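Next up, some structures in structure tokens.
Okay, so chain A shows up in both of these, paired with chain B first and chain C after.
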Partner chain A sequence: MRVISAIAVSVFRESVRDRVLYNLVLFATLLIGSSFFLGQLTAGQDVKIIKDLGLAATAIFGLFISIFIGIGLVSKEVERRSIYGLLSKPISRPQLILGKYAGLVLTLAVNVTVMTVAIYAVLAYMTWTTPAPIQTAWDAPGVDPALLKALFLIFVELTLITAVALFFSTFSTPMLSAAFTFGLYVVGHFNADLRNFQSVVESKSAATLARLLYHVLPDLSAFDVKTAVVHGLSVPWGYLALTTGYGILYIAVLLVIATLIFSRRDFK
Partner chain B sequence: MSATGGRSAAGTIAAVLAVAVCMVAAIGLQIARNRLYAGQSRETERILYIQSGTAAKRLALDFDALWADVYWIRAIQHYGGDRLGSTREKKYELLYPLIDLTTTLDPYFTIAYRFGAIFLSEAAPGGPGRPDQAVALLAKGIAAQPGKWQYPHDIGFVYYWHLRDFANAAKWFERAASYPNAPNWLKPLAAGVLTAGNDRATARALWSQIRQSEEEWLRKTAERSLAQLDALDAIDQLQAVVRRFPFPEGTPYSWEALVRRGVLRGIPLDPSGVPFEIAPADGAVSVSTRSKLFPMPDQVHSVPR
Partner chain C sequence: MPPAIRIEELTKDYAIGFWRKRPYRALDSLSLRIEPGEVFGFLGPNGAGKTTTLKLLMQLVFPTSGRAEILGHPVGDVATRRRIGYLAENPYYYDYLTAEELLDYFAKLFGYSSADRQRRVAHLLDRVGIGAERRLQLRKFSKGMVQRVGIAQALLNDPEVVFFDEPMSGLDPLGRRDVRALILELRDQGRTVFFSSHILADAQALCSRVAVVAGGRLAATGNLNEILAFDVRGWELVMTGVRPDVIDRLQPAPRRVTQISEGRYSLELSTDHPPERTLAELAASGASLVSLNPVHDTLEDYFIKRVAEVESARPRSLEASRAGD
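And now, the complex of A and B:
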């Protein structure tokens, strides 16, 4: 466990050195700048749009970090040939994979936490400067704790995408890993359509195959509750728990396969 | 300062100057292009690349709500540009598709449905004059959020104010009143519309309720409509005065003449502060086309028919 956490901290330090967290400055600028301009453009929908923008930006920035750092976690070590040095130390290959993954998850956690604070700060300011009668027209309170549910599921989705990127990076080049991960991200959002495929096709085998793909491919649309929380609709805790559980198990599957592949790789 | 340091500082200054010159030149070209080919950029502004809401929802992946916001801002700009712009022909042809896309991407975007109801049905030049599209949009809202009394209320309003179909208006107000969370003024309103649909008192009651809304643009629309109703009352009174003091044949009617005769103390102004018009031929009183209240609603009578 100590080895894994040591690798995780070193991955986090490396991402800080690589100025990954600079994206937070861009995020804050985007959010504060938008809150300033949107009031003039949106016919009273500025708080709704700030929430949409904040949640979407958290997901997009996180997606870029997950993909572009995730694909380099292993392949960079191989390209630099530093993998030989690492493996000569008392570190097992599964520990290396898990440590690298935990490090990037830590980076994402810091990133999402700072973004969450920034979103709430902007929303608190907007709530403070908006007269109470206008606030009654909002679907949900400005500083709404329910937003945390959407942010939490975004974080879980990002950790899943990181696992996908890491999985591809154990056997593929960075370029291909990025393409595969982004492809799976897109497919993951269309995945829910496969569930109802039998009502569209006549062939039983095609319907079965679609159903199988629905279960095998990651169901990423389930992590999206942004619209619901922004409009003050309920997101049950049970839904949150089941989706999180699904995410964790899917990540576990990916990490186990990634570890297996990485363990069998020959670096000679 | 060493020679190398001096050379490096001079190089930096030269680079900054080059950047500034290039930037200013680029901005100059941009302004020139916009001036010379103004029509071209206006044409592209009015193109809607994606027409299908379902396709847009698919393409948006996880970000449909954000994309809905983008279309919402475009709808506001399109409406505002056509309504306030002096050069554009007031067509509003993208208003419905933009709001339709917005509400497909985010079916809970309540204000987009209500905004659509008010402005799609408004007659030219204030809107495209399409109450049918407003009703279709609100029906879509009811399908998305069946528990909201505001949508049937707004359909009732479109039937009442724009289509002058009081039976249907009353039916929709009644439907809105049947919702568990509906306000208690809806039931008497439904009855009032059915019995005395075309009178100003009912219209005033309806607009006064809408004026209570927390949405600023809805409040402003209600305030304008209430001012129009006040203007209609004033027109009735002025028309009565003109009829009581007819001009000799061949003499054109004018406010100045009525003031000179001591009938009026001054030129009458409508609630927006613009003088009323009086037709020189027959003394018919109307709101000026320069007034913010123009065009006026038709056929709303001061007493129930």
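And now, the complex of A and C:
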């Protein structure tokens, strides 16, 4: 545990000193801030726009961080050969993988927190400046705690994508890993369509294949409750727990496979 | 007491080629035994398999066949790594960390307390001559300075066995001298040092025993003194006040005569005749002795000879291994 936390802290320190991360966070925060002005352009829809844009910015910039830093975690170590020094220390390869992963999850947690604070700050200002009668027309309260549910699921989704990126980077080049991870992200969001594929095609084998893919590939649309939250629809706690459990299970499987691959790998 | 390092029939094939992968034998049945307290030189030209051997010992790569042990434990044993240190060839560490932070990070992996880490890091950075630069990020370090940091990180845990892959690479003459002194200091403390090099002068100055590898195979192993003492090729006699006509009359004639300056000559004599006779003859003509030295095979000569032997045997063995595939 000591080793894993030491590696995690070093990953966090690396990301904090990485200018790319600063740019991403700054840009996302700016975007969230600017949603306030965008909201002014649309009568009555302003709060919704702020929420929509804020949540989308958190998800998209989180995705960039997950993919780019997630892939660099291991592949940079291998490519630049800093892994030689690290692995000659009393650490096992699984510890290295888990430490790297934990470090990036920590980084993501801090980022999502920063963006959450930004969204709530804009919403609080909005609520403060809007007269009470107009507020009654809103679908959901301005500073809506339900947003946290959506933000939490975005965070879980990002940790899952990080695990995917880490998994690919244990055996593939950074470029390919980025492409694979991004591909899986896109597929993952349309995965639910595969489940009902038999209603669209006649071929039985195609339907079976689609169903198999549905079970193997991550179902990322499950993590997307943005629309429901923005429109003031309730997201049950049971759903939150189940989806989080699904994410953790998927992450665990990915990390186990990544560890197995990484433990057998030659560093030429 | 188990040997510090035991290598048995260690072989490593790499797959080369993009589409149709072919095996390439980087290391071929290497066997070595290194006793505790030895400074062992692992010598060979570039591409001989030195780095592959070290990577196998650190389990950065896995052997195709054969096995190796460090301090009586199979390589890859995580607990054994508490007792060893390793400096990779042309090491690279994290750009964004300062030298101090890097060493502190590595020391954390050993589980040392904060005070202990501080003490070790400060002491080692002093030892390798990194001064105020220790608070700079490593991206600002020159190659030689990174090498020094690399040496420091290899010694963080007071290792019993130290593996250095080309420790002198990237260092200026002053740095090389420091590293030599450091290796001798480690030897005096009873530690085992296994270092690879293609610079023979380093081995000559430091090693009790050497192994020469070429083309992935062990070409020779032995005590450095034995290897060198066996082949005395002749004598080098330097005299001053020599008259040129005396030289022409010398019997037996020297193998080679080099005039160093007016009246000062260096004569290379063969081992067939003792040098005393020539010396006496020249002295009788009024010349005086400057120096008389045996001419040994240098490690360089030995190296070239052995490498040539292995290389000439190589084509056949390749054929054999292909036939075996």
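In the analysis below, the second predicted complex is superposed on the first by the 252 of 268 C-alpha atoms of A that agree within 3 Å, B and C clash if a C-alpha of one lies under 4 Å from a C-alpha of the other, contacts with A are read in each partner's own complex, and residues count from 1 in each chain.
Assume a contact is a pair of C-beta atoms (placed from the backbone, for glycine too) under 8 Å apart; a residue touches a chain by one contact, two chains touch by 3 or more.
This is a predicted model, so every value here is computed, not measured.
S.K.: Which partner does A:240 contact after superposing on A: first (chain B), second (chain C), both, neither?
M.R.: A:240 contacts neither chain B nor chain C.
S.K.: After the superposition on A, what does A:207 contact: first (chain B), second (chain C), both or neither?
M.R.: neither
S.K.: Give one of first, second, both or neither to describe whether A:143 is in contact with chain B, with chain C, with both, or with none.
M.R.: neither
S.K.: With the two structures laid over each other on chain A, which partner does A:134 touch: chain B (first), chain C (second), both, or neither?
M.R.: first
S.K.: Could you list, by residue number, the parts of chain A that touch chain C in their complex?
M.R.: Its residues touching chain C are 2-3, 6-7, 10, 13-14, 17-18, 80-92, 264, 266-268.
S.K.: For the complex, give me every residue of chain C touching chain A.
M.R.: That would be residues 14, 55, 58-62, 78-79, 81-82, 84-86, 88, 90-94, 96-97, 101, 105-106, 108-111, 150, 153-154, 163 of chain C.
S.K.: Mind listing the chain A positions that touch chain B in their complex?
M.R.: Against chain B, the touching part of chain A is residues 41-45, 48-49, 52-53, 55-56, 59-60, 133-137, 139, 185-186, 189-190, 220-221, 223-224, 226-227, 230-231, 233.
S.K.: What part of chain B is in contact with chain A in the complex they form?
M.R.: Its residues touching chain A are 58, 61-66, 68-69, 72-73, 76-77, 106, 108, 110-111, 115, 213-217.
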